[in-house]
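Chain IDs A, B, C and D follow the sequence of writing; residue 1 opens each chain.
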Amino acid sequence: MTEKLTPTQIAWRAAQDITDGAYVNLGIGLPEMVARFQPPGRQAIFHTENGILGFGQAPEPGQEDWDLINAGKKAVTLKPGTAFFHHADSFAMVRGGHLDVAILGAYQVAENGDLANWSTGPKGVPAVGGAMDLVHGARRVAIITDHVTKKGEPKLVESCTLPLTGVGCVTRVYTSLAVVDIEDGHFVLREKLPSISLDDLQSLTGARLHTPGPVGDLTAPEL
Amino acid sequence: MDKTIPDLASAVAGIEDGMTVMIGGFGGSGNPIELIHALIDRFLATGHPRNLTVVNNNAGNGHVGLAAMIEQGMVTKLICSFPRSADPVVFTERYLAGEIELELVPQGTLAERIRAGGAGIPAFYTPSSYGTDLAKGKKVEEFDGRPYVQERWLKADYALVKAHVGDRLGNLTYRMAARNFGPLMCSAAASAIVQVSRIVEPGGIDPEAVITPGIFVQGVVEVPKPVQEEELNRAKAVYPEVAE
Amino acid sequence: MTEKLTPTQIAWRAAQDITDGAYVNLGIGLPEMVARFQPPGRQAIFHTENGILGFGQAPEPGQEDWDLINAGKKAVTLKPGTAFFHHADSFAMVRGGHLDVAILGAYQVAENGDLANWSTGPKGVPAVGGAMDLVHGARRVAIITDHVTKKGEPKLVESCTLPLTGVGCVTRVYTSLAVVDIEDGHFVLREKLPSISLDDLQSLTGARLHTPGPVGDLTAPEL
Amino acid sequence: MDKTIPDLASAVAGIEDGMTVMIGGFGGSGNPIELIHALIDRFLATGHPRNLTVVNNNAGNGHVGLAAMIEQGMVTKLICSFPRSADPVVFTERYLAGEIELELVPQGTLAERIRAGGAGIPAFYTPSSYGTDLAKGKKVEEFDGRPYVQERWLKADYALVKAHVGDRLGNLTYRMAARNFGPLMCSAAASAIVQVSRIVEPGGIDPEAVITPGIFVQGVVEVPKPVQEEELNRAKAVYPEVAE
């Protein structure tokens, strides 16, 4: 079994690219963890679909106010400078291009930037939430995901076989093994774990990894 | 003019079979639980209203509020963005049994369609859902070289909304993220019925702080200490406690 | 010269049809006067395009706050229950059908309900303001106007010759001589000054006045 | 993050020749006079910016603010709904002389186009202007049997806006009807520069009372006692007092 980053470490890596003062939306689940790892001296402003900008961390257990939750329905807190607004204004922020970064999970990402992250097929109850709006609104749409599925199949693919969330929308993917940009319809490898060879990484990837420039070492602290 | 309504039963008395009802709330916040339960009470007593189309972001949680409405069989169709929750068992069962119709709408599109309904905009274009299954059959138009999907307004016969403070002219404030779809739904419904924690005299709300101006509201009913759906579900509440 | 109502009296007459609690937008100029004549016991709620609902009368001279003006740029006052909002929300009220009545002036009204009230032709600087939105938003679009132009030409016509403000939008016209409804593409006479004969009124009107029902006396107090 | 700008000259330094600038205000209220005059000062000193397209509800009054900008020849095109006022002499003369282009837009359509620009809606349908000269050449579509006119979003490089209180994150409140186009223009401009009467620390504005969330604002400059355009015009002010 290949050495790889834990989900927490992937979130940490993604957090390193968020600049001070950036407006950021974090998807439900793993992406929410990114908020914990803001580098010292940087403070992003977090947006949640349900009408809060600039909220703070989770409250202590027992201190929850259930009118003060994020899109994942988890309790959050106020910070100085928080603002409330209704859902249409919230998605004006999203769709209008006012967010600097949206970080989402993925089932599949294609080399042309297509994303599939909302449906695994016709079985069960479909649910989409705000993902289809986020992928077309934020200036950067970044994905954090394991490099392969639980069955070992590539999640970075030539073209998505699962129902799409958005077309040509992803700009960067942070995986358990690599950092990959999407440029001109190609996967461009930016960083990889030092312990994995390019060949091995390519064999776990469903489309060609381009390396027009230097490939850095992907590292993350123990977390 | 006085838009206050003396009690919950009167507040929901006008909702008829087959109507479209928008219900505010997002996850466990902002759900007008007392209004919904008054409507369920009416249904249990009279068999009406039924065959409702409900617009809500979710599909109800646990066995209270919207989930209880679905459980009682009052809802024929649901228009929502995210019919999943910590405990979506009621909707899931009905849906998989083919007993309830689902119109799935991206959340931002849902919000904008409701706003459009209130603002007299019959259709608009959005990039959201372009190229996906949810855009199938919808008109696509290119603007400045980029494709967009045409979406239609969404209106309702009734809106049931939870606000915070209201005056008898219908001016409203909300509480934190419980605002969510409330202001939009008030504007898009022929009758917006709002439960508030406190009714004040006109002038009791700072004119700068009014979030929903009274023109969008048809009825206000005071529910001094509203329950929070999230807390009901954590307590595993079931409404009504003894179903008929 | 025919006896006729003064502009103030026309405004008074229009005010009699406004019910208690109605949401009303009054156009710039003569229509603004309607607010003065609300019948006892009735209180309409006035909307102005620039973001106020439920404002009060003009302040005493010298007491003006120039952040508190109506669409005619005249100072108004606060009343208990006033609300402020931005221009998009203001026209959501207008376009979304939330106003009960809009009362406007007119150059010409056609028997099909077309209205011309914004431009007298290509000369000069054109200006439209909120009129084109108001005529398609309010549930009732009422006009107050002299029955004829200063040159004595009919303002109620078969079809407008001046640039249109809206198509098929007017529901009632209050003139200096009559109250006329527009129904199914016809002018329907509801009231006329007792002192003018139907024939004389018809001769001052550019399209046929229908009288399917009784025609009441148009009266107004000295004002 | 700190969006405060130390002085008016810095606040308007980024506006370049040929840009589209939205300017808040309605009649004599809400006009960012100090920002406009700082821009005129820059033009008088450097000859730039010029060839501007300005979006405003009106066309300026008297000889201050937007009227003074037009008088100095900085504006090539105006997009507005009502280019008349108590004293519109400056615009009128330029327009009749063919020296300034006018795009006349119904007021509600103007507001909605600006909102659409900020909200990522490239086009929408409105009943307003259907069948009139202002709809000529525009796409018409029928919805539910009624015809509507397609209108496009409106965006700008800059917005100059007058608000009331701001914090250094850009959260804003407004004062009464001076709110008018401000929140919309902030959202629709790549750079929204806002003059406020008072800058407070984050937390100094009630989160429920924020009208423009900071995400829509790029710069805030404090102008403690802003002049009111209406009062300047009643005093027959001319800017600059001695024109070069």
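The criterion applied here is as follows: a contact is a pair of C-beta atoms (placed from the backbone, for glycine too) under 8 Å apart; a residue touches a chain by one contact, two chains touch by 3 or more.
Only a predicted model underlies this, so the values are computations on that prediction, with no experimental measurement involved.
Listed by label, the chains touching chain B and chain C alike are D. Shared contact partners of chain A and chain D, listed by label: B.
Distances between chain centres, each the mean of the C-alpha atoms, put A farthest from chain C. Between the CA-based centres of chain A and chain C the separation comes to 56 Å, rounded to the whole angstrom.
Inter-chain centre distance (chain A to chain B, centres taken as mean C-alpha positions): 30 Å. We define each chain's centre as the mean of its Cα atoms; on that basis chain B and chain D are separated by 35 Å. Counting partners per residue, chain A has 84-85, 88, 91, 94-95, 136-137 as the residues that reach two or more other chains. Chain D has residues 112, 115, 119-121, 126-127, 174-176, 207-208, 211 in contact with two or more other chains. Checking each pair of chains for touch leaves A-B, A-D, B-C, B-D, C-D.
Interface of chain B with chain D (complex): residues 112, 116, 119-127, 141, 143-144, 146, 148, 152, 173-176, 206-209, 211.
Partner chain A is touched in their complex by these residues of chain B: 26-30, 57, 59, 81-86, 88, 91-92, 95-96, 102, 104-112, 114-115, 126-134, 174-184, 211, 228-231. Across the complex, chain B meets chain C through its residues 1, 115, 117-121, 167, 169, 171, 187, 201-203, 207-208, 210, 213-216.
Within the complex formed with chain D, the residues of chain C that make contact are 48-52, 65-69, 71, 73, 84-88, 90-91, 94-95, 114, 119, 124-133, 136-137, 163-167. For chain A in complex with chain D, the residues that touch the partner chain are 20-21, 23, 43, 45, 47, 53-54, 78-85, 88-89, 91-99, 136-137.
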